[in-house]
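Note that subunit A is present in both complexes that follow, paired respectively with subunit B and with subunit C.
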Partner chain A sequence: MEGAEFAGAWIAASLRATTPLLFALLGETLVQRTAVINLGVEGQMLVGACAGFAAASAFGDPWLALLVGGMTGLALSLVHAGLCLGAGANQIGSGIAVWMLGLGLTSFFGRAYVGAKIEGFGPLVRDADTGVPLLDQILSQLTVTTLIAVALVPIIGLWLFRSRTGLRWRAVGESFETARALGLKPWLVQVQAIMVGGFLAGVGGAVLSVDYTETWAQDMTKGAGLVAVALVIAARWNPFLALPVALLFGGSEAAVLRLQAQGIDVSSYLLATTPYLICILVVWISYVRIRGSGGMPAELSRIFG
Partner chain B sequence: MQRLLAPGLALLFFVVLASGFLVIIGQPPVATMLDLAVYAFGDAYSISESLVKATPILFCALAVILPARLGLISVGADGQLYLGALVGTGVVLAMPGAPILVLLPAMLVGGAIGGAGLALVAGGLRARFGVNETITTLLLNYVAVLLVNFVVYGPWKDPANLGWPATIPFPDGATVPGLFGTRAHAGLILAVLIAVVLHIVFARGRVGLRLRVLRDNERVGRMAGLSFAHMVLLTMGIGGAIAGIAGIIETSAIQGRLQPGISLGYGLTGFLVAWLSGHSFLRAIPLAILIGGLIAAGDTLQLFAKVPASSVTVLLGLLFASMLAAAGIARKRAGAG
Partner chain C sequence: MTAPPLIRLKGVTKRFRDLVANDAIDLDIAAGEVVALLGENGAGKSTLMKLAYGYLLPDAGSIEVDGRPQTIHSPRDAMALGIGMVFQQFSLLPALSVLENLLLAWPRAGRWRSGAEDEAAMEGLRDLAPEIAPGTRVRNLAVGERQLVELAKVLNLDARLVILDEPTSVLTPQEAARLHRLVRGLADQGRSVVIITHKLADVRACADRVAVMRRGKLVDAAAIGDRTNDQLVEAMVGKSVARRGRPAHRRLGPPRLMLRDLCCGGIQPARNVDLEVRRGEILGIAGVAGNGQWALAETVAGLVPPESGEVLLDGESVARRSERKAFSSPVAYIPEEPIRNAVVGSLDLAGNLALRSLATSAPLPDPAAAAARLEAFDVRPPEPGRRAATLSGGNLQKLVAARELGEHPAAIVACYPTMGLDVHATEAILGRLVDHASAGAAVLWIGEEIDDLLAIADRIAVIHDGRIVADLLPGATNAAEIGRYMAGGQSRAA
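Let's turn to the complex of A and B:
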């Protein structure tokens, strides 16, 4: 394989591995911006992956599958909203309850779909021939979901930092008191954020099962949702930084797969620890650099030190 | 009355939600719940199987409760369990012929070191750099599971297994003794003992008070000469050691060799038990047995009624959600009243 082709294949593989995570990461960034932390992202991704796969298998339409996955993730996120905002429950505990529910429900209802086959999106351009090998590789491997995820980065970023509603959401995260003085109901904004986060996590899950792996397996997210919660910190609650940070994780995952395919003499299980270790490393570095609560929404730092 | 509000509400919520779920999956709710109770504690065999499941759950719950007394939320019992199993197995493989009086204690110490080692990664990052321990413990779980996979598929695989990923069977000298000829084993006694000792230490000694002072106000604690960082390392380390012991005991007494899938979500279930108990070492004992019973009953239900055992995971999630909702509502009422 030529250098450019190799680079193109690796870039494409990294972007593909990053895509499900990026949806969840953008969603959780918005959630944490309103001073809510939701470890249930893991469960929401799982239900999104399972329901999305079921929809793809029943209707054969991957677009519908993403929608179904998103709505299922949203539905599960309402449990978190109800527990934290309705009942005033501990947010970490509630997130883990949501995770357990997602894990249990998808193990139960997902059995029927283990080993089933579905039709995904397919590459952006089949047999791309632009004359640029690097571009050919990328175009013929990427699918439309990556484009959507990458496009969402500036959309959500600009919305959060430039729009009036975005300002309101940030105000809630910084100070409930100020938000109330502005005539806002913090809980209402938080519910909205949790729902958007649930929808995006569900879509991310559906992208994973319907588009990336084109299979359903029990507990297939393998911590991607928890990684998303962690990487929000590394991305400093900034949607624009979500893409490079997510690429660190997705890129290392793609590199691991590539190294295995090359048949290098290191256990695939040892290699597979790399993305998690990199995730811990970047979170560590960001804690060292922001020492104290720099960048963290002030109201969030009260519940999550 | 006030004290019974939260548990009462939690039970009510749970029964309603669980019934709803059972109806959705086409099972008669009342009959199924009665079946579960009988499968869990109906006869001597069921009870012994429930105790088998309760043992690692109790260890893992204790591993969560101890750091929680300092206000830390560790969700890493599963990973600590796996690393304890790994290091403990390493000790066994290093001296398989040693007499039981040497090997068994050495193996348990190995398990404790493995669990503590992983917990101290998260504890050290928290103590030194303030890195949130919930996130690191969660991520380290996946690392520990992969490390166990690495050794059992790789260097420690017994060639006699014909490709099945597992170490050699543990020798008699490394087998935790069983109880009354059942699969229940001495691990349960050790877990209960640790719970009681921790309870006494916290009830009588000054440790409990120190942790509470640090949890509520670190600055006051510092002025009293207490170090938050030291206490983080201490509680995380001992907690990890307890979960690590769970791992090596489960490997020795139940599996008989190290192989993938030692834990069936015991870490997360232990987390649930820790919260249900209100982070009480003593209350965790009956609760672990109760939840262990539910999980064991789920296996029997799968066998007899063809209801997948994963239905129990859903029930556990519903139980957790019910408890959190009830506790929150009770707190709100207490605050308002």
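Let's turn to the complex of A and C:
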């Protein structure tokens, strides 16, 4: 009984820690599929977290908070779209600028919300009693956002690989010339992808503040957006692989929290780096395993050329 | 009253900076006819058809479809009007599967893929090549197989006008014959086909009518039965008009550059080439583009090793000399399409000038010397700090000449060195070739304009299908005879 409860709690904690990242990761996967790299994901998560938290505290509706967070992330992503597609700025530079913009804005506007209380989503099933302790434990700790994030994985995957529009997006990522010859407008597809990516990053941020932590703190994403950018590579630009890859990160984060709670005798700062070390390890292993950039959209590689 | 043509181009003009790619072109294409658009590389054929397909927008002129004026702003518009085009490059996505590539160009696709739709999109390819599996990634296909996928894409287009850009350039003769039958089949269904090509074989095999372009102008258009191959070649490469006097006779020394039973691989290979270029001699090589010139030039320049045979410069193998990295290649090389093959667009002009001596420890030229060199070769503007990508094609050509011909090479390989240049620049570059020959260099000049070859070269060899089919003296031949050899004829009779 004790073991099942512990395992259930850890699985649930992993899923909850993974959820914000998974939204951002799925969004960034779509963005990079159209040969745009958006380091501004970090900033879009932050503004999503801040605006979502503000909406939740003002209106008390977590659903509205997610929507507001998503739209704020989308709005900030348009800055990136305008800079790199409109003004022809370098995508890396533009992404960092957008990230810093998001950090600055949320640090300023977020001060009012530090320490504020809000009402988040309740557990998926209150007092679950399925007769399986492990499942009960998980169900009573998860919220609806995790369900949405996990459901998005096959939805986005099928859309990318089986829909006509998904095929066109991939064509743009592989070759602008070919896409143009087929009558597509690559920039338009890229703008759409950036907007979708910005929305999902914003939702991810709102999930982080409104659902996962139910607090607002300055720079609370702690690099989750940048981790999403890195994990896209590990997931080989495949939405289906986004789930296991994100779980690895979220799982290690949950494990670290658990270890800290156990009072393990290692500096909490060092311990907190573990998920990031695992992120580096995963990227490195996937790099070695597939020899370089397997699966990277061909036009994306030009950004680094 | 006859029906209006399917498409009518009226006074269509397209400029790229100072180059007029299409100069007031008028062309009608009737329903159900196959038109061969013939011309040398850079004549403006692809540009013209990209205008009809909405991939490029014309600077002047109008386009009518079914007698009604239309503005075709994008390939979408063109497809809606029943115009489809298969590009020479950039047409298949290597990372996607065969099926996905076909679906991208599948006009009747729904929002989501379905089994029935997958089947329908694959049907055309199944007839052509049942062995190609739908899930295979295009990058894993052989070149010929890719071309078949390409063809299946055309069949799927279901367009009233199908434009094919150089479709046979990488095909074997058998695959080309299959393509020709396919084109005739499309015409029998009442569709129109424009086949962009520089090969007379394509014209003869499947065209009803031929339109010839040269240097951005439409120079001839006629029913195929009204033109001989000689006439077509003449229209493609220019009439024989003596434009300049023969330079003073040079003293020719002993053989300096020797090609011995040379075979070069590649898509358009060269076979069993035996040639000698003496000190001070300019050997011109005439031929329709795509007959092995490229492979020959790269091999003689020492960039790729020969398949068999050897290239000797002053008795030493060029391939071996090039391997000694500390020395720059003894052969100056002006490749065709310098933008793609000889210039680093993001480097400045001085940097591009220094590329030849990169492997050596020679000091880089100072800006003043670089400026003087640019001035001497009339590169405009002669600013060493300017990025190469901002120059026009003609000036890039001059930049490459300035780099390669600026010092004292022992041998020169020049491929279409005057392509895209105006009369003055052409004279200047050809003058340089003569000067270098006079100074003792052996010059191998792969030419495009027969009259230039006749006026300048000491000897003219004709290449056809990778083989040297004639070795002529300018004083004892004429453009008509050279044209016959270029077209593949063997007869010496006038």
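Note that in this section the second predicted complex is superposed on the first by the 302 of 305 C-alpha atoms of A that agree within 3 Å, B and C clash if a C-alpha of one lies under 4 Å from a C-alpha of the other, contacts with A are read in each partner's own complex, and residues count from 1 in each chain.
Convention: contacts are C-beta pairs under 8 Å (C-beta built on N, C-alpha and C of every residue); 3 or more make two chains touch, one makes a residue touch a chain.
Just so we're clear, the structure is a prediction, and the values are computed from it rather than from any experiment.
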| item | value |
| --- | --- |
| Comparison of subunit B and subunit C by subunit A residues contacted | B |
| Which of subunit B and subunit C A:Thr178 touches, first, second, both or neither | second |
| Which of subunit B and subunit C A:Arg168 touches, first, second, both or neither | second |
| First (subunit B), second (subunit C), both or neither touched by A:Thr130 | neither |
| Which of subunit B and subunit C A:Ala272 touches, first, second, both or neither | first |
| Touched partner set for A:Val288, first subunit B, second subunit C, both or neither | first |
| First (subunit B), second (subunit C), both or neither touched by A:Pro297 | second |
| Which superposed partner A:Gly93 touches (first subunit B, second subunit C, both, neither) | first |
| Interface residues, subunit A side, partner subunit C - complex | 162-165, 167-168, 170-171, 174-175, 177-178, 180-183, 185, 297-298 |
| Subunit A residues within the subunit B interface of the complex | 39, 79, 82-83, 86-90, 92-94, 96-105, 107-108, 111, 222-223, 226-227, 229-230, 233, 267, 269-270, 272-273, 276-277, 279-280, 283-284, 287-288, 291, 304-305 |
| Of all residues in subunit C, those that touch subunit A in their complex | 54-55, 74-76, 78-79, 85, 87, 89-96, 100, 103-105, 109-113 |
| Interface residues, subunit B side, partner subunit A - complex | 25, 73, 75, 125, 129-132, 134-136, 138-143, 146-147, 149-150, 153-154, 265, 268, 271-272, 275, 308, 310-318, 320-321, 324-329, 331-332 |
